[in-house]
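Following are the structures in question.
In the two assemblies presented below, chain A is common to both, partnered first by chain B and then by chain C.
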Partner chain A sequence: MSLERNMRCVYARAYVRILGANRELSWVFFDTFLPLLGVAAFVYIYKATTQDPEVLNTLLTRVILGGSMAAFWMNVLWGMGANFYYEKENGNLELFLMAPTSRMALLLGMAIGGLFNTTFRAISTVLLGSVIFGVSFALTSPLQLLAVFFLTLLALYGLGILFASLFLMYGREAWHISNLLQEPIFLLSGFYFPVRFLGFYVVTIASFIPLTLGLDAMNQILGGRYALEWGLLPVGTEIGILAILSILFVLMAKYALAYMEERGRREGSLVLKFQ
Partner chain B sequence: MPMREFWTFRHAAWLGWQTESNWTDPLLFATYSVIRPITTTLMVVLMYWFVGSKETSLFELMFLGNTLYMYIFNVPFGISYVIMEDREHYKVLKYLYISPANIYVYLMGRGVSKFVITTVAVAITLAFGVLFLGVHIALGTINPLFLAASFVLGLTGLIAFGTIMAGISLLVARHNFYIGESLAGIFYLFCGVVFPISVLPWWGEALGKVIPITYWLEATRRSLLGFGDPTLAQLTDMEVFGILAFSTLLLLALSVVLFRAYNHVARARGVIDMTTWY
Partner chain C sequence: MGYAIETRDLTRVFRSSAEVVALDRATIQVREGELFGVLGPNGAGKTTLIKILCTLLLPTSGKAFVGGWDVEGEPQKIREVINMVSGGEVSGYGLLTVRENLWLFSQLYGIPGGEARDRIGDLLKVVGLEARADTKVNRISSGERQKMNLCRGLVTDPKILFLDEPTLGLDVNASRAIRCYVKSWLAERPGRTILLTTHYMHEAEELCDRVAIIDRGKVLACDTPSALKRRVEGEASFRLEVALTDLGLEEMGQLPGVRWFFREDKPERGVTEMRFILEDEAVIPSIITRLVEKKVRVLHLSKTEPTLEDTFVKIVGKTI
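What follows is the complex of A and B.
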């Protein structure tokens, strides 16, 4: 398959997603203010229980970062993982599979489109959250922050493509798995509290979720001295692990997609609806 | 309840249960149903533990509020989601409308499965809290009548919220999730689910005090823990119950009127069978 054709596929899929998400202005409002409700509740928990202003600022930094990165996790679960489920139900999946392009190109387009929209939601959560709740960030290294952010997203969307492959075989089971992976991952990855608190064994397992190390590193870079004290590993080490996870998940996603598609073709699950 | 409404309710409850649970075996379904709510509660528990909050009462207040929030999220959202599911996914809503079923009763019936599943999750989470997290349920001081009456009122209020949202869902395209998430977020933030409402700014506290759910949480906390939100301490148990009863009846009446109106408009506009999930 030619590179040009695949790039056209990436562009086409991303274009639809970006245009689709922005055709309704009220969605922009909801996307901006909805995450703030959840973030605000967690902010007030810490405000009700923490006296030291510096500790409070570090914890609120964590909450705001967690709230903004939650948007990416939701996008990976529902916009990437479960997307093949919706396409199958709507009758589009067979059309996608007939097209002479790589599945990875298709999913890359979805990822880019999803990233574009989700980044808006995440940035607005960070900006509005920090202004409304008076949180100040102590940025120590912009370069490291960028590296952590992009590697986390690369690994995360690799994981998203891996999830998507499940939907080529399964229907409601996989939908429920996506549903199940929301809050437990918020807990395991320490979205709203320093993940180190979970203990060595749990954190070791949780580190396979890119958001665990990504959030921890971002918090260390932005959260001041308490964030460094509560950090899991040195930021450089976390960047290295995230790079490995990125390669690992993208490779696994490629093989899982090919395998699941082949199984789906043999067992006839690619066009099964309402299963 | 007339016979036809009874059968509608019964079949809707059965259908709801099948839709929720028949995608897997019962054991896996049971595990699935409790993992998510328990982890949500654990997350807030860990936040409290991390900051080393020494106030046991605040922790228990939060724990019970967060556990009961499962009803607040699942029941209304579950009822309103039925419209989107039946209209857009399974495309059967139009057939329900031409059957003898009463749609309002049908929606309430579909909410039963959500209620049953949530009740199991709440019971397990409460047991987990009592056994492992040191939450003290004051068994000796529980007033069962007060608890049962406020529970029925609270649940009625949640069903009423659900049917109002379902009515709105009949008219909107693709906004159903946003409406559900917004209301759930507003209730979580302003009803004192995980902190006393006095922590909020004055306007937030005032908003919390006009939402019936705040009083349902308060009545249940007083019943099970023996104390409630310090912000509402000046109210007697009977006053809390009275406000809850009055606001719930008002909400129920409003839900019947609003649903009837939304239903009429939806039929007049011809949007009962619209599909917008593309």
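What follows is the complex of A and C.
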């Protein structure tokens, strides 16, 4: 399959996603201020219950990071996972699947387009959150932070493509799956608290979600002494596991997409709407 | 001989709560350069056929080839050379303009940017959508949207184009514009093939080199429109209107000399319409006499030239 065609597909899909999203600028308000409300609730709980300023700063760092990474998780669930389902309802899916381009290219373009706005939301949460709530970050290694961030996103969007293939098959159930995965993952991945407190077994299972290790590693890099103390594994080990998860999810996504498409052609689910 | 499109005993069964046979051993052969029509009522299997040929659906049994490639084993090769436009299609993104939508779909086929822009500009001009090129799609009419869809199908310059009821729901002018452009597109590009499904008789008659009549998934006849019409030529075809009646008139079909009879009530006009194919015009008096005996008021009688619709009705046993 032509690399040039796939690159054009990635670019076009990402470009129109960004273009379309920015035609309705109300998202800037909603994506800037509303996430702060969720973050604020945890901030005030910790402020009310924590005396030690260093412990408080570590916990607030976690909350701010969780609030910003929540944007990516929501994008993966609703923007990526449910994407083929939306496209099917809109009548675009048939046209996408009939085109000679790679399905991974289509979803990659979607991911990049989605990342653009989501990154804006994530950065605004970090900046506004740290200023408004007076959180200071104790950055120990910018390189490690970048590596963790990008590997987390790679694994996360690999997972998103995997979801897309599942949602493609299960149609309307996609909504329920997305709902099912939204709040429990906030808990399991420790978006707003050190995940270590969930206990060994729960954390082991939760570690298959890239956000769990990603958030933990970022917190260790930015959260100071207590964050290191509450960390799950050494940051280097977490980076290694995230790299393995990235490769695993991207490969699984590729094969799942091909399998689900073939199954959809056989069962007729690609062309039948409202199911 | 190699065909642009060929199906052999193509069957597709959908299984849900009940088993639905959408295509039943359908066999067609479409030559390169041909505009081939598939004519049938709703639910006849036309769209299922197109979805299989467009590699979106697998047959339950039988074979289908597009451009010589098997839809089951070689879908990727087929996708390189085809495109499809469906009637009533609402694809695209409402927040993007007509031009941006077309550009997006052209990129899925890897058309270089400049070439894509030129082709889009040309197509928009030809279908009369140039002035709306930079209008968001959620602001254009359904006729304009269908013209945009046609442009989307043509922007990739496909060797084989599938048109699935492309004028569905459009007004007369928009339908005519689309039919005109389809004809000229094919005339200017020898070797390109179009498979068109429709349930509009005049569309099939006006556009198609050959037509397959399909009902309940079965191909009942396949020939040129004129050859199909000849099947009812030489027979006296009459249309008879009587005042709307709820009497059973089936016996009219049993009268001596009546080869075929069809009755349709049209309460909105207050008439019952009957169509006859007779061995001879001399049968008419006995029909009128029988109706008068039944106290049915005869309103209008006319002799009709055979149309594709007559052929369709004769073959399928009902109108669309």
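Following the convention adopted for this analysis, the second predicted complex is superposed on the first by the 275 of 275 C-alpha atoms of A that agree within 3 Å, B and C clash if a C-alpha of one lies under 4 Å from a C-alpha of the other, contacts with A are read in each partner's own complex, and residues count from 1 in each chain.
As a convention for this text, contacts are C-beta pairs under 8 Å (C-beta built on N, C-alpha and C of every residue); 3 or more make two chains touch, one makes a residue touch a chain.
Values in this document were obtained by computation on a predicted structure and should not be read as measured data.
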Three-chain arrangement built on chain A, chain B and chain C clash or fit: fit
Just to be sure I read the superposition right, which of the two partners does A:182 touch: chain B = first, chain C = second, or both, or neither? first
Once chain A of both complexes is superposed, is A:37 in touch with chain B (first), chain C (second), both, or neither? first
Using the touch definition from the top, say if A:237 reaches chain B (first), chain C (second), both or neither. neither
Touched partner set for A:45, first chain B, second chain C, both or neither: first
After lining up the shared chain so the two structures overlap, which partner does A:90 touch, if you call chain B first and chain C second: first, second, both or neither? both
Identify the partner contact of A:27: answer first if only chain B is touched, second if only chain C is, both if each is, neither if none is. first
With both complexes overlaid on chain A, does A:101 touch chain B (first), chain C (second), both or neither? second
Please indicate which partner A:194 is in contact with in the superposed arrangement: first for chain B, second for chain C, both, or neither. first
Under the stated touch criterion, which partner chain does A:141 make contact with: chain B (first), chain C (second), both, or neither? neither
Once both complexes sit on top of each other, what is the least C-alpha distance from chain B to chain C, rounded to whole angstrom? 5
Per the definitions at the top, what is the overlap between the chain A residues touching chain B and those touching chain C? 24, 90
Going by the contact rule set out above, which residues of chain A touch chain C in the complex? 1-2, 4-6, 8-9, 11-13, 16, 19-20, 23-24, 90-92, 94-101, 106, 265-266, 268, 270-272
Quick one: which bits of chain C touch chain A in the complex? Just the residue numbers, please. 12, 14, 51, 54-58, 76, 79-80, 82-84, 89-93, 95-96, 100, 103-105, 107-111, 136, 152
In their shared complex, at which residues does chain B touch chain A? 23-24, 32, 35-36, 39-40, 42-44, 46-51, 53, 55, 58, 62, 89-90, 174-175, 178, 181-182, 185-186, 188-189, 193-196, 199-200, 277-278
Over in the complex, which chain A residues touch chain B? Could you list them? 24, 26-27, 30, 34, 37-38, 40-42, 44-50, 55, 59, 86, 89-90, 171-173, 176, 179-180, 182-184, 186-187, 191-194, 197-198, 274
